[in-house]
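After this come two complexes, each holding chain A, first together with chain B and then together with chain C.
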Partner chain A sequence: MENMTILLNVESKKLENMTIKHQDAVAIVEPQRKRIDASFAIKFREDVIALVEQGQKKLVLNLSNVEFVDSSGLGAVVSIMKAIGGNQNLTLCHVKDSVLAVFKLTRMDKIFIILPSEEEAVARLQH
Partner chain B sequence: MNSSPAAANSHIKLTIEGRLANIGMVGAVTRILSSESGFSVMSSTEIELAVVEAVTNVIKYGLSELPSSEIDLSLTYFEQYLAIEISDNGIPMPSQALEDADGSVFDFLEHDMDTWPTSGMGLSLIKAVMDRVEYSSMNGRNTLRLIKLMESIDATTDS
Partner chain C sequence: MSSKLEKELHILVVDDSTSYRRLLARHLQKWGGYKIIEAEDGTQALDIILNQNISMVISDWEMPGLNGPELCQAMRNAALDHYVYFILVTSRGSTEDLILGMESGADDFLTKPIDQQELRVRLRAGERILKLEEQLEEKNQSLNDAYKLIEADLKAAADMQQSLLPQSNIYIENVDCKWFFQPSLFVSGDMHSYFKLDEDHMGFYSVDVSGHGVKPAMLSVPLSRFLSHGSNNGLLKKVDSTGTSYIITPPSVVVSELNAQFQMTRQDSTYFTIVYGVLNIRTGIGQMTRAGHPNPIIVHQDGQIEVIAEGGLPVGFIENPDYTNSQFQLLTGSRLYLYTDGITECEDKDEQLFGEDRLLNLLCERRSMSLTHALDALQTDLLAWRGSKKTAFNDDISMLAIGFN
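Let's turn to the complex of A and B:
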């Protein structure tokens, strides 16, 4: 049960400004900050990529609390997506209009898989 | 809901300590001031984005070797446009940087992960959301000037 041990270690680790829960093999990461900017993006990226390096293969980013993302935040999400092997392993949900506008400005809406709800975002990764 | 536009030629100046922890507040203040001056929610967010990107660049690159430095942010509301100036006394931006930020960083190939950018998007984003972007560096003083045209009353109606 090596994989379960890794997940338990992740769950017991206190991650600043993020909550993590699991649904089957999918980890749902929910930043608790309103802004993913240069003051938070590096930590955010490092913490989520650490999950990937510990064996997490499917991720949902629930952005329901996030109202603002700048290029640092965008870069962090793209880095996470690259680390996990592409958009077939990462989905986003509850993306606010203000954040979606930045995705569209940068064409990132073409590579991010964005679903309206957490349930749909999880389901997309389970198929 | 439309806010009453600010009086033309009103001027607000802020001095920011050059720390990344201050970026959020700078952005929020910029967004609120823009909204109060009559810009739509989306335009106010775009202005916030431009200012945050600019201030972040100054902190990360211009002031990286200068502890406890300050950045001056000024917003001047004219009848037809908003003028924003971000000024600092740090290391100037490379002369070609603004011109090179032509948006090509966003021309990645959707099916080729290696082309997806993880950095270097800030200046292109600023140019994408503002109507004019200018940069000057003289006598140790660097200034990025951003212009955003005022919207018509119809455009400020938010659904």
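Let's turn to the complex of A and C:
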């Protein structure tokens, strides 16, 4: 069983503009684009919600590459949160100041769970 | 007289040697499908090209008057509405000549003496190019037609949306309301309005539906109906038990109700931000509820600025958020500004944002200007910020200003 776990930790695949890693039951999604805006938000939302609909129950969104999120981008992240059943199943990490500002303006900084590092974000969902 | 008969390609043969022209003509006639026209010099050829429907030219290089390359150049300069395939026939074969020929706009070359097979092959190549040009022209036409239809539809939708904006003949005592509304793509995801609720109160709102273009514009329409003050017993006000006056719904309740009605769905992640408020036009006291919308700004005549930063989540995100009523007081000369993020997030050429601070400073500086002038100046500033090369904004922008007297 332990050998299996090590294999699962390392497995990763590249979807268009996004990398997805799995660590036990947690999927870590890292968008590779600087901007989650009207041109990317729909695909991003659909790809991640597809994961959820295929059975993914815990999700970390690593936003270390993202510098800009507009209204469509914010809608996409909220949509993902609703699809996975709320902020108890979703953690955000590596959120840049410019993106945090958008969350603060819309008060989503109080709703999203935002942690500094990917390790902490994953750990939160593992209890 | 079907147009299929016109499938014959019209080829113009240009050469000052009659026997040479005849030789070429005989070859072409043998192969069929070509109609041959002859010209004995460049000037005559140009005249024929400009006035008749010629698809292909086979022209000698050395001719008195206009030579081959000069004829080709003149033809290209004429910018005809159809493509003409030009083959230069030359006994000169040097690279300089080829370059000269190419630069004059020729499509292909043949060297004298012309080999029949080679001529045939080159002609076929030319015909393929002409066919491609024809298909391209047809596709362009279809695209243009489709675009015209779409544009007409969008303009009609834009007109409809404009009719939902406050009409200029509304008069409310003690207040002076001015606004601007600029969709980025004919129609807008923004909407704003102001209206009288009863003898002493007015209502106002500014909405920004996520995204821009047709989709958010489609939500702004039913939303404006929901927020219509026309109904005497609707969301915004209800007739009281005596039947003689109105109970005005507090803004936080209005926004909560909107949130219940407009939740995001699995299929559609559209949501909106809003400021909705009620102002007593006699006292200047009011309440407003802000849901994710940019902070409303109050500029007082003495230069003091208040920013309403309290607020709740955008509408449609979660089922039971908390919305609060923020109190405010307008004094004589005070101005309340509601606007959408197209303004504060307007980017210059270096992707720098216009920002709330810049907006505050400009509104404060211009607090003694007439409201109309202040709003016009702001629009000018925003365009300048965007950069001289751009004439439109890439997001919807709108602002509603309420001046209290």
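Convention: the second predicted complex is superposed on the first by the 113 of 127 C-alpha atoms of A that agree within 3 Å, B and C clash if a C-alpha of one lies under 4 Å from a C-alpha of the other, contacts with A are read in each partner's own complex, and residues count from 1 in each chain.
Here is the rule we use: a residue touches a chain if its C-beta (ideal position, glycine included) is under 8 Å from a C-beta of that chain, and two chains touch if they have at least 3 such contacts.
Not measured: the values here are computed from a predicted model.
*Asks:* So, on chain A, is it clash or fit between chain B and chain C?
*Replies:* Aligned on chain A, chain C clashes with chain B.
*Asks:* Of chain B and chain C, which one contacts the greater number of residues in chain A?
*Replies:* Counted on chain A, the partner with more touching residues turns out to be B.
*Asks:* After superposition on the shared chain, which partner residues are touched by A:100: those of chain B (first), chain C (second), both, or neither?
*Replies:* neither
*Asks:* May I ask you to decide whether A:74 touches chain B, chain C, both, or neither, giving the answer as first, second, both or neither?
*Replies:* Both chain B and chain C are touched by A:74.
*Asks:* Given the touch rule stated above, what does A:38 touch, chain B (first), chain C (second), both, or neither?
*Replies:* In the superposed model, A:38 contacts both chain B and chain C.
*Asks:* Considering only the touch criterion stated at the top, classify A:83 as touching first (chain B), second (chain C), both, or neither.
*Replies:* In the superposition, A:83 touches chain C alone.
*Asks:* Once the shared chain is lined up, is A:111 touching chain B (first), chain C (second), both, or neither of them?
*Replies:* Both partners, chain B and chain C.
*Asks:* Do chain B and chain C land on any of the same chain A residues, and which?
*Replies:* In chain A, positions 38, 70-72, 74-76, 78-79, 82, 105-107, 111 sit in both the chain B and chain C interfaces.
*Asks:* Spell out the part of chain A that touches chain B in their complex, as residue ranges.
*Replies:* Residues 34-35, 37-39, 68, 70-72, 74-76, 78-79, 81-82, 86, 97-98, 101-102, 105-107, 110-111 of chain A touch chain B in their complex.
*Asks:* Once bound in the complex, which stretches of chain A touch chain C?
*Replies:* Going through chain A, the ones touching chain C are 38, 41, 45, 49, 70-72, 74-76, 78-79, 82-83, 105-108, 111.
*Asks:* Across the complex, what residues on chain C touch chain A?
*Replies:* 208, 210-212, 264, 266, 269-271, 273, 292, 294, 311-314, 317-318, 341, 345
*Asks:* Write out the stretch or stretches of chain B touching chain A in their complex.
*Replies:* Going through chain B, the ones touching chain A are 20-21, 23-24, 27, 41-42, 45-46, 48-49, 52-53, 56, 59-60, 106-108, 110, 113, 116-119, 121-122, 125, 128-129.
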